[in-house]
């Protein structure tokens, strides 16, 4: 049995376990056991991947395996990982693990909640391990649809509207994606669905011209590409804590990953043709998201717009098409995943106590819930790119990398995008100043308590991850940049 | 021919049993019929290739597979119809229900394995006429009669036009045998017109826009198991027959019918979707849903290739399990709520009947094409086959439409899970056969896609 | 004067019949009238088959057979249709098309 | 010199310990951890300095640049990578001494000043963090490491300014400080990006080859880096955050906003000095002009402020202006031929750090005694607080440029350098030096002499601070007294060779005379109980006075830019656009679909005839389509 298949098998077993589970404690037991197993597995995978690379493995993907599935269409269940997928798997495992703790006390329908939650993670893990277009797409959609129920049933606010909008927009994206995937498959001769083999073929330029934007847009919707990002603020605002975490933390990364691994890797000519167009969109995303975040009053909206900006940076960096910028993009995915999960976890915990996310009604929380407040400050600082936390490493790699592209237009875009770091500081500090500092105005809030052990645990895990990436980025960066190489070399003939 | 013969034998056995058994015998009859259908299924599991009557009857292995699938679907419908047939008005004519249904099935058998337009036409009518009786089965229900009247009149209208088209085909070619027609067809305007007439006739059965108008009315008016039967079995047979004939007969006019189908597909899916959004009545809603599904099925026809054929048959299989699961749930709920089939009745269903809701959800997801359920795979293969032939724009438009379809499927999911309701349908337990049928559907929904065996088995023929 | 009757003459007649039937179907209100119109259409096609066979392909019988089947099936359909119309009458007390428009939208 | 790593590691460790476990500790223990680790750092710094400056010079007569530590922290490409390491050269070693000394003093001082404050442990944790970052900044081996620590000091400064997080002013001030400097850092970052791309290295010494190839973009890179430096060092118009930053605890102001962080910009320019001289002399001169204007502007504003910390803040801005001018007026690397300013600037940085820290700590004692920053609550304090008084006076004399106090020597070198560059700048700077003396003595008199606020002092008798607060004062005063005699040019000079400081009698005499006149003026105006002249002037030139008091409305301009332009004119419309145009567009599409459905719904009329008409219509349509296409 391939090591990677465990990433799908364990969630499936978890689904089974949840199905059988009779009470809340059993449900929690299954979740904790499963998600820790996944985390351990991801860590083990990372270590052994690095080990193999150091031992001199030069294949593009390691741990590859392929089982023929739908032979007439050359669909296989093919798995394999390179550095990019390894870090993404690690990220997903961390988020799933912490997400479990962040929704420890969730009610009602705990069992059903975790069922959908686990189904979602199955999709996510499956997506990152797949190297087959079809399988990848399948897992992609598996990850999307549980969002509807997770938001619709367990969400808050305008949850039905938000859930529907989110699902429809993302599925709209995947409609584009599907046609693009068919285009790639038949463009490459209809002989194979395996990415690694398709890349050997040359897809005709005309087809790339048509299908590149489709695939890129399809994934871009999930990556919150302007102007298809509007599902994000409403969706995140309505989703329950762990779902926001998983969605912003991992699911949005599927977009960036897909754009890179499928759109750009397989259709380099298309990327060259459409690159500038999408670069403009992503640049707008970056700046626009940041500016929009400045005036929001709902904590989750702020973070959602901030995600638009940061995820925009991912696509932005990918489109810069240099090795460093692509490495930066992956780092940014990792970093954004961690810190936005942290953010959403904290917002959820604060909301769970105060029952409001309106920053005009919150103040002086530092005194009332110091742990959560400090966590929030750390998340904020990570978000605005404080050295020593993950955001800085990612952003700097992106900017340095983007600047490696000598084209004047790309340079201009880079400089415009860098301004986002100032705006980020503005909205982060605005929130921190408003809700954490000062004196508490609402007597109701004075009685609130600080985080419980499960919440602390989730927050601390995430902070450690954020800090680790920020303090010792060498190994991650090295891991990623080695794997980015073959993809980028496709792009620069 | 053995499938037809054994089916005819079954028909006769049931007829006799209906006569012999003492009333009320609906339960025994159901058991008997289901058993016999299982036998029929087993007898015809191995596909055969057979040509009889000088080519008048030509059953390819694929047609044989389709027949098996249709039989299985009919069996599922029978399993779901027990509760309805035990009602006051219906229990004494349960036998009729089985007989009529099996007659239509027999008609479909002939339709899919016809080798000449004559047999095809006879099969088609054999499938239609008893269907009218089935639709009007609840004879004390106003809607049932209305639906029956609408169906029979429009059906006659359409078959008259189709026959007119066939007469033109005969007039220009001098033969009605599928094997001889391709050499004679040259694509003259008259033949084009004839093809359109023929297509309209099958389009009527398949309920393609703009030949679909009877569908919602008939589905809504008909008893629920009949709607289910109409939506999957008759549609599946018609789709296969259409593809079969377009491929075999109208080979010289491939480009023309490609264009014709493209226009129809886009119209069908779009119109059906925008209508479906507005529906409150679940059966009517499912009618529009099935119209749009027919559009997707047609994509496989459009492909006009071996791959398309496999995709089509596979799509039919998947569609049968998913759609019958939905109709099964609708039927079960309908029986519990004195015939309520509006969406409000489903509000909060999950709280009281989680398993039923679960089946419904999965079935709807499958219909919407959400992985890992079978519907996703079938849709993908259909798209792939049409794409392969080069109709990527049509595929694209169909895909965009999936967003709308997802929306209305989710509306039902929303009703069951999200919308609060003070008085949801109380918890209940359906009959054993109904439950078995739902479980079979569920297994089909989950496994048909993930296990590639079925598709590859179909692909062999 | 001897009038040569060509295939075209039959075809004109059948076509006229066909569209008379269609016209009747569209304009009449009574379900039975509708049924009669449809019969007209079906018979038009039957004429077509017979004529084509007789004039164009005199060596065969296919067209004639098709006509025969057509007639038989039309009869069956009519029987069922009338039964249904009776049923409609029992339920609605009318057999006008405008009275059976409950199902719509 | 492997032990230098400890200079960085100890404060970091102390920060981690205090941050993680501080809340559980008693105040005393937390303070002791911070102070002891800083003491060790100071000792190590002195040791480093000693061994560095006593070591052999190289053949060229310069001190060698040592990098005892350097690790590849974040790789980008073969050439471009962020290293983290320690680089020792004369200026970084000098900065080590400055930082560790002042920081140690502040640590000790804070024991008394922050006694009993809530969040005492947090305070020490942040102090450690700041010290770590600042040390990291000065020993940076490459420009990117500098940027990394540059950001870190920014954050520590943010945290410390906002230490009293329940005070709205503190929150606003900390936010402002961070955002303004962040804005400037944007320039720094872009400068680094340009530099990194064209030089293919982040180190301070690009290869000759790259310099030849891409030297012409260097002015851009350096100019943008200077923007970053200007932000941190509060150059006009990016200075607005510094006066507000006085909302932080006073020792913090002494450490960060007087002695160390605010001179980071100067240090940055000094770091890049060879490149400035070689490739962007015109940019360097712009630095001088901006510095001069800032010095003048800040000095004039300082004359009208009533909050003693604000006065000191503007004085700091003005003095940093001096340093910038000193660097800016250089025209060569040779201290004998136009390169004197480099040494002068660094010297002034050193002396200024000491006496400005002293001033701030003194101000802290005063505030501690009267519980207010406003001058009107003071006056006549010399009788209550003798030690503070004396040390404060020493610092005032130093900043006014009166020999033999340290400020005199460094300022004199600056003026000499200015006169060498151009007499106009020289005279301007001399006059500003005079203004410095004036406002410092205005401050001095208003605090210690002048009109005493007797009511307040009767209600609450001001008292001298405890020893742990006065000791740092005395120590720094001693340093201020003797620092002028350090042969600074021997250690630090533009080209690294030993340079003997010699006073230019003309310049020295002029500056002393101007300073004395200014002091005299201040004495005449402010020393007595009644201050008719000052009041009369304030009344007669009320517009000017008000403008100066309001800092020439620079804050209002900035508020306008941020509130109106960013908030109202960009963000609000954008957010509106997002909600009402883009989002609504998606809803609109949904609505369209629905509306289309409602529109076509009547087609399904329920009449069989309609159905069949559509049927026939469809056939005709399809036939037409087939026939026409």
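Labels A, B, C and D are assigned to the chains in the order they are written; within every chain, residues are numbered from 1.
In this section, a residue touches a chain if its C-beta (ideal position, glycine included) is under 8 Å from a C-beta of that chain, and two chains touch if they have at least 3 such contacts.
Computed from a predicted model, the values in this text were never measured in an experiment.
J.: Return the chain whose centre of C-alpha atoms lies at maximal distance from the corresponding centre of chain B.
T.: Relative to chain B, the chain with the farthest C-alpha centre is D.
J.: Please indicate the chain closest to the centre of the assembly, with centres calculated from CA atoms only.
T.: A
J.: With contacts counted as defined, which of the two, A-B or C-D, has more C-beta pairs across the interface?
T.: A-B
J.: Let me have the rounded angstrom distance from the C-alpha centre of chain A over to the C-alpha centre of chain B, please.
T.: Averaging C-alpha atoms per chain gives centres 42 Å apart.
J.: Would you kindly tell me how far, in whole Å, the mean C-alpha position of chain D lies from that of chain C?
T.: 97
J.: How far is the middle of chain A from the middle of chain C, if each middle is the mean of its Cα atoms, in Å?
T.: The computed centroid separation for chain A versus chain C comes out at 65 Å.
J.: Could you please state the distance in Å, as a whole number, between where the Cα atoms of chain B are centred and where those of chain D are centred?
T.: 77
J.: When you check chain B against every other chain, which residues touch at least two of them?
T.: 149-150, 153, 157, 161, 216-217, 278, 407
J.: Residue numbers in chain D touching 2 or more other chains?
T.: Correct list: 590, 601, 604, 606, 608, 612, 616.
J.: Indicate the residues of chain C shared as contacts by at least two other chains.
T.: 25, 34, 100, 102-105
J.: Sort out which chains touch which and give me every pair.
T.: The list of touching pairs comes to A-B, A-D, B-C, B-D, C-D.
J.: Could you pull out which chain A residues touch chain D in their complex?
T.: Residues 165, 168-169, 227, 229-231, 233-234, 288, 291-292, 294-296, 323-324, 327, 364, 366-367, 381, 384-388, 392-393, 396-397, 399-401, 403-404, 406, 414-415, 418-419, 421-423, 425-426, 429-430, 433, 436-439, 473-474, 477-478, 481 of chain A touch chain D in their complex.
J.: Going by the contact rule at the top, pick out the chain D residues touching chain B in the complex.
T.: 590, 593-594, 596-598, 600-601, 604, 606, 608, 610-612, 614-619, 621-623, 625-627, 629
J.: Hey, which residues of chain B end up touching chain A in the complex?
T.: Those residues of chain B that touch chain A are 307, 310, 365, 370-372, 376-377, 380-381, 383-384, 387-388, 392, 395-396, 399-400, 402-403, 406-407, 410, 413-414, 417-418, 452, 455-456, 459.
J.: Under the definition above, what is the set of chain A residues touching chain B in their complex?
T.: On the chain A side, the touching residues are 69-73, 75, 134, 138-139, 141-142, 145, 148-149, 152-153, 159-160, 164, 167-168, 171-172, 175-176, 178-179, 182-183, 185-186, 190.
J.: Can you list the chain C residues touching chain B in their complex?
T.: 18, 21, 25, 31, 34-35, 38, 41-42, 44-45, 48-49, 52-53, 56-57, 60, 62-63, 65-66, 69-70, 73-74, 76-77, 80-81, 83-85, 87-88, 90-92, 100, 102-105
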